[in-house]
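Quick notes on the structure that follows.
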């Protein structure tokens, strides 16, 4: 936060699903090491936005630059960007036919061409970090939701990304498990990872976020420090939104 | 409650599922117009018991008499009894391919051989009673849970049964909807319907029940007025159970 | 008694049904039995047993067929053992099975050589099953490789070459040919089917439409038409010098046909995979082909396995149509046998016999498919 | 998306288009090659592609002619006869096999042990043996075992049954027709039985219980509650069974029933017009398949739409 | 058709003859029915036998001195011509009727006739049918893709007799259907009818009508436009006939090679070089007769009185004995 080096730059990004205008000119800069939390009502375009950061969705107008690489149809750029950006989904999306450790080593082996032994070492290190080393040889189906989500985080980290995107990582979890996952995310933030997080966990946002952003109807409505966002919102729309979730 | 005419008499009823002893000698008498609430931990045999009252399950030992008819393997008795006993399930079990009004008129037309017009009049009357007349021509899938359960009650009532059995009628519902359904049940009780209700709604039991019964492990543990049941339980097992649910 | 009351006579209409069924059963059973004992002449089966199974394969080379059988049954037993390693086995059933096999060995009028080979194969089956269960973890990763390798070996053993005396395809007849053609066709149609399925679900419109066109046209045609096409018209589409062996042409026809169905089965599997799987894989930086290879296909195929086994059963039965285009597989050899002057007119016995063979194989496979399905659900 | 000046070969859209073009080109190339070969080979054989032969005199007779036909008619007339014969057996087969399949499927769930197991044996036998053998079975073991025409069985003096077929007051149907019909019906019926059983079992148990506790008798429960719901699961696979039945009717050739495939292949045999005959067969069956698919889709929408 | 054929002829003359291909392959590929008693079928020992098969064996014997150097292909009535045209088989020896159109427009070249047959009709005695006219409105069984089917249609149309054809893909089916009584008559080549009659439940209850629907001369066939190969087949067949005429059989052929009859000496290649002209060794006839026997032996072995079929030789006797078999001189 001291250096202020921008790593994600979105400039007037528009996206249509057919006729539906999902993103209506989003401009947003995220700096290296910053933790940004996106909030907003359902359907406001939060998922769409962070998925464009990862080239899972394309966009029709504007420009997105990740770590100096412009997102375009260029195949190599897309691959390069995906190598820099890790993503964690609401539904975990672990690969059910692979063990936990295979899930984690898959991308390092096939994309980064690490030798198997190295990849395994890395995976074990990561599993330790997210606190489920003992589950390494189980299949995802045998884990609880919280454990699965932690594996998903480890899997994303295994590519050693510069940026991590989280799309409601805790909303499919039971309350006890939410804590475990948020704990892992907190520790990531402490280690200086750049993170964009879609979540409605106000506690997490207050404590960890450098900036909280409200999206509505495809627009950025308000972007502020957590303190000012929750205690002193500038926009009417934000106040209204907060009154619902608090 | 004044006349004390017994309408359900269960005498030392035993039931086995294969080797598993689900009912271990249940004796219970329900009088005309009485409202009996069954409570007990999961797996204690509540559902099994009321399903034997409706011949949905057979039993191996003992005797059940409903309104003077003994329940046996004889098909004719089974049909006779089912005509006297209505049942409402936890999962509503509405027929998804029929509209609400068709759901309700089905049995009157095919079992009681009412003319269609009559059956429809009856159905409309019942829908009014459960408060969802305006939904008559929708399909169950288009209704909320509470509305569906009210249709299920109306459907059971359409056979003009003497007894209504409810198996956890509200436990699959969201809290707001529970109220609607209990309201309908309350009004039924006020009108003097004999009811056996499996439920964990303490408020309902306190207010409406004539008797509350605790089942555990296939046995009747305690049977008392709501007042004494909740405020002054005699059995240790009851106290333990109440401590969990209150 | 109680059982009878409960299961047969519990209501009046059930009683009537029971009686009607009994009468029907008795009538059919009596007819079949009296025919089988009094009228049928089973000599045609006994004398031609070898023809039914291996046709005109040179008798001096039967050992090669036996080895093939040994390889195939060992692999099958191994696979079976690995797949069901987690289920308990019904040892009574296995004992009974072993007993029946021993009875077959002892009492059927077989020559010593045959008995010896059968004994070896039975031992291999049991050993394979046991090994598969015991070391399922160690064996599992090698199984598909073993199957893959077994194919060329089997072909080498049957067809010869590379040091073995060659046996032309015109001598591969009977059940041997039926099994070979069915197996080869399903194996070959597998990759084609997978490609077609991927093409059909692809977002490239031309590819998608071409695949749809192929799949739907083939599925709209009767197999006999396709086989006729392959057998009679295929040569017309090839340049004059190229001649395809007719067994090969038959296989080509079967593959054309079954690839379209395979594609639909695989597509069923593909559709069962949540979109999130692909997205997660993409987000990890895997490129499109890796996503398909590592994530999508393994899961889709697992879902599709029962359907594929079902398709194999269908194909196995359908090979009988090849007799209509002059191939001497099981049904074809039956027709040849029916032309032996001393056995003219014995069609009932012959067709019943081959019907039984077909049934045994198909039923066994459908049982296996059902257990597999159960296994996969867990 | 942002259009940066990146080299063409690294642009995703470029690759997508290129791959498609290459594949399309390969396919067209293959087709052209095959077509050239075909033309060359046909020319070598002295056959010219074309459908004029359809106007020639067929000069073969057909045993069953629902429309007037004699050997001096044209090939196209003969093919029409074949087509109508195919349609007859396909339509009758679809109707009958549905009935048998539903009965057997329900019987498999019967609480009568004997009925249940007979249905099971039926399904397992008929599903697991080749249709070709079954056709021969029906033809020889059943229909040709009926009494000869001289001592035919008379049912109420209206219907006469003999090994040459069944004579109804207004029309008669041959035993070849029946053998094919029965073969197709029972073979397909065994598959449909399994589909029906699966469909019925897919209806939640609660539906049975709710309907039973309303006092409906088992037969009514099945008819009014279970079956309509099972239909939604049943109809799609049922469609493909109907298609199979129609296609399998081409095995008519084994029992001497003159369907379209039979007539077309006789035509081919007499004229050497392999390609044209094959095209005609393809066209016919594709049309039939398409018609059935469309019809069933419509039906499917009817049973499915009610839900919501 | 003709234009194409000539084009083909010149093309193939420029290239290799099939004879050379076969020689280098070391094996003859012979298309047979495989389902016809007496003509071609698979015996219980797995070996093909029958008259048609022996023709193939004779050719192989002539080429390789080994009658077993043959690969048989079962062909059904419909695909047989395509199989020859596309050179899938070297020779078609499958009781194929020699007709003009097959010789000209179907692209076949026929060898000499190996079996004279006529199409007949078999009926049940009890039916009282004596002539075709008695078969009015009756069901008649036959096999698809054969001249039988067409002849029947022609004959009945000529006489204006309506009837019901029951046409089967498989001959066995056709006869079985007749045996079961579904057909009132079955039509086929008389040889077949006679042999099939013997295995009916009560042979004496069936009669073969005197009428001939057509003459059915069977001959082996090869693809059109390769006269070298066609000649080989042609003269192999003739040598079977000639051998019988000369009284040479498998027993005495070795001895007779040294006979002093110049005709025999020429025929057996002891003298002259008849074989060379064909691209065969001079003793090709010895090879044939040694392994396969002369026509009479072949006939007796497959169709004659000692077989179950018991088909009288009739027209298939040598011309010297009042039959139709005749061989041009070997010189």
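Per-chain numbering from 1; labels A, B, C, D and E assigned in written order.
Here is the rule we use: a residue touches a chain if its C-beta (ideal position, glycine included) is under 8 Å from a C-beta of that chain, and two chains touch if they have at least 3 such contacts.
Quick caveat, the model's predicted, so the values are computed rather than measured.
S.K.: In the touch network of chains, how many steps separate chain A from chain E on the shortest route?
M.R.: Minimum step count, chain A to chain E: 2.
S.K.: Check every other chain and keep only those touching both chain B and chain D; list them.
M.R.: Chains that touch both chain B and chain D, as defined above, do not exist here.
S.K.: Return the chain whose centre of C-alpha atoms lies at maximal distance from the corresponding centre of chain B.
M.R.: Farthest from chain B by mean C-alpha position: E.
S.K.: Name the chain whose C-alpha centroid is most distant from the C-alpha centroid of chain D.
M.R.: For chain D, the chain whose C-alpha mean is farthest off is A.
S.K.: Please state the rotation angle, between 0 and 180 degrees and to the nearest 5, that superposes the Cα atoms of chain A on chain B.
M.R.: Rotation angle between the two copies comes out at 175 degrees.
S.K.: Based on C-beta pairs in contact, work out which chain pair has the most and send it over.
M.R.: C-D
S.K.: Could you work out how far the Cα centre of chain B sits from that of chain E, in whole Å?
M.R.: 87
S.K.: Can you give the whole-Å distance between the Cα centres of chain A and chain B?
M.R.: Chain centroid spacing, chain A to chain B, equals 50 Å.
S.K.: What is the distance in Å between the mean C-alpha positions of chain D and chain E?
M.R.: Using C-alpha averages as centres, the distance is 39 Å.
S.K.: Just give me the whole-number Å value for how far the CA centre of chain A lies from that of chain D.
M.R.: 53
S.K.: Which positions in chain D are in touch with at least two other chains?
M.R.: 41, 44, 136, 140, 253-254, 265, 274
S.K.: Quick check on chain A: which residues sit in contact with 2+ other chains?
M.R.: none
S.K.: Going by the contact rule already set, what residues in chain E reach two or more other chains?
M.R.: Within chain E, the residues that touch at least two other chains are 78, 82, 86, 169-170, 176.
S.K.: Identify every two-chain combination in which the chains touch.
M.R.: A-C, A-D, B-D, C-D, C-E, D-E
S.K.: So in the complex, the part of chain D that touches chain B is made up of which residues?
M.R.: My answer: residues 204, 206-207, 209-217, 220, 224-225, 228-229, 303, 306-308.
S.K.: Across the complex, what residues on chain C touch chain A?
M.R.: 274, 276-277, 279-287, 290, 294-295, 298-299, 302
S.K.: Would you mind writing out the residues of chain A in touch with chain C in their complex?
M.R.: Those in contact with chain C are residues 54, 56, 79, 82-83, 85-87, 89, 91, 93-97, 106-107, 110-111, 152, 155-156, 159.
S.K.: How about chain C: which of its residues touch chain D in the complex?
M.R.: Going by the criterion above, the answer is residues 7-8, 10, 14, 17-18, 21-22, 24-25, 204-207, 210, 217, 219-225, 228-229, 232-233, 235-240, 313, 317-318, 320-321, 323-324, 331, 347-348, 351, 354-355, 358-359, 362-363, 366.
S.K.: Note which residues of chain E are touching chain D in the complex, please.
M.R.: Residues 1-5, 7-8, 77-78, 81-82, 85-86, 105-107, 139, 141, 144-145, 149-150, 152-154, 156-157, 163-170, 173-174, 176-177, 180-182.
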